[in-house]
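Next up, some structures in structure tokens.
Each of the next two complexes has chain A plus one other chain: chain B in the first, chain C in the second.
What follows is the complex of A and B.
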């Protein structure tokens, strides 16, 4: 049940998605990954990818144009 | 919202950063809308077309931003994640615009007006097209956006994309400067125009069939790569 953070601030698509994909692969089931992003496009495709993979996802806008995507690895 | 349950079965609790109080942006939105309308009226003095262009430009940018429509993702995501939802959205958009273009062009041909749009926008298929397409494809993935996507993200305030914009303008100017040189390669290149090949109704039918086939292929691709079609 460890929690990991991934800083993708300033990274444009598709870098946040690819980093998330890689990081999720290293995590074990039940771990939580918090991805910080500020690219509006990544705010769409990272959660979409994670949901399609079957993980639990939550998005929070922490500031104007800055989001945290919380992904719980389920499988 | 300092503590939030993220809805897991184990009930993991996470301490959150205290959110900064947000300033309401509604006054800015009202001010901006008023300015847009005022500028539209200003453009309308002496020219009837400019306000229409202005309106379409604003609407296009707004829809692009709200929908997160991304032509780059349409071609990139199938390769990196296998997701084709954006690809299929672009196919639907192409299908709709095909019908629109077809109607406008066919109407102009039927009227035999002096503004015959029959061959407008039909470009030769040659070496410059192939070369440019490959370069554009590489560039847009690195830059994180195609032309319209870059403009939209500059508007959103993503700083990296401003750098992209500088080189986007420089590249466009350079390309325009060398247009005469590239034109030489196109002298013998064929111009393929579907209505000439299949007739007007055949063209829209063939185009429609190709789009439907691509849509099915995209859906199958995602099912294969991600195990879900949605």
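What follows is the complex of A and C.
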């Protein structure tokens, strides 16, 4: 049940999604990954992908145009 | 992982037009307000390409653009936003709880604007091809991907026909499966006339979906003629379902009163069966579901929640007097007789310093009277130990007042 971070600031789609997919694959069930993004398209496709996988997802706007996507791996 | 608990005055579940409006009203009333939205702030309206009937925008607005403005306005009034799913709720009692996977939010009032989700056909293999595998619910989102292709639309309501016509701008052919007889559609007459004369649109009457077929992706929809039972395979690249919505009310089953379809039942103040819990927008059992009506719902609930919270404060501190003796006179300010009785209570207050006397005008607001189970004045109540001890109706005299206040 550890928490990991993934810095994708300054990275455009589809890089954040690819990095997230890879990182989630390395985690264990129950772990939480916090992905930092500032590209609005990643705010759509990263959570969409994670929800489709059945993970728990929360998006937090940390600053104007900067978000944290919090993903709890559920399976 | 331990869930973090946070306190709010009002938590609003859902982030569509109704919820954003409720947020604007609560935020402006200086209530600490949180809106929880599971996907996109703006809700269903963001799926509509053009909104032509929302007043104030004579040139029309895009759903996304309009909802962005709502969002901005709510933020301006200090409303907090959380973009995540609500996992559980507990709505009974004074402090209500709304849980997400990382937090527990405690609120004094909860406003539910959770909207709905698209209804499915229930046909065979439907689950296998949902969303990016060929079955879509949003022409605005997926039309461009169908440029030069053949698509099918299921349904004949406003959404089906209008989105179908939008699809003709991209797709080569739009085949519409309609359940009804030839020429009969559920949409408005203008859309119907336009659709029937659109050369790219083709109609298959008296048909429903029997199954969805394909490999990795959908490539064939097998329709069934409802009259003859005959199967009709149609090759398509995508299929769009516009056959109505189902309310998002699973979390409230057995707790809040709903109709047979699962929509929440409220009164005209948007109050549900539980005090301090409101339902607004498309999740509510109502006559017309539009941005314009959602806004009205949101305003009513936002205002109602604000009044509920201030009345709760007065009720606890003044009326119940925190367990100490309290005499409450409920009167109607426009009724001369009940107004004439007011001096009796003023006199009582002067001679009994140990008793808190409150005179409540139900003409202004009936919230507190309702909490005391009183429908109309004049009525005097003797309260002690947070309970109504005696109730005096009709003949109210100094002798009677002194008799009940023991």
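The definition used in the following text is that the second predicted complex is superposed on the first by the 75 of 75 C-alpha atoms of A that agree within 3 Å, B and C clash if a C-alpha of one lies under 4 Å from a C-alpha of the other, contacts with A are read in each partner's own complex, and residues count from 1 in each chain.
Heads up, the rule we're going with is that a residue touches a chain if its C-beta (ideal position, glycine included) is under 8 Å from a C-beta of that chain, and two chains touch if they have at least 3 such contacts.
All of these numbers come straight from a predicted model, not from anything done at the bench.
In the overlay built on the shared chain, the residue A:5 is in contact with neither chain B nor chain C. When the two structures are aligned on the shared chain, A:32 is found in touch with chain B and with chain C. After overlaying the two complexes on the shared chain, residue contacts for A:17 are found with chain B alone; chain C is out of touch. After superposition on the shared chain, chain A has more residues touched by B, the comparison being chain B against chain C. In the superposition on chain A, contact is made by A:41 with chain B only, not with chain C.
In the superposition on chain A, A:59 contacts chain C only, with no contact to chain B.
In the superposition on the C-alpha atoms of chain A, the part of chain A touched by chain B in one complex and by chain C in the other spans residues 1, 30, 32, 44, 52, 56, 58, 60, 70, 72. The touching residues of chain C, when paired with chain A in their complex, are 1, 39-40, 81-85, 100-102, 131. Those residues of chain A that touch chain C in the complex are listed here as 1, 30, 32, 44, 47, 51-52, 56-61, 70, 72. Those residues of chain A whose C-beta lies close enough to touch chain B in the complex are 1, 3, 10, 12-15, 17-18, 21, 30, 32, 38-41, 43-45, 48-49, 52-53, 56, 58, 60, 62-65, 70, 72.
Against chain A, in their complex, chain B makes its touches with residues 6-8, 10, 12, 14, 16-17, 19-20, 22, 25, 65, 68, 70, 72-73, 76-77, 80-81, 83, 85-86, 141, 143-145, 149, 153, 156-161, 226, 228, 230.
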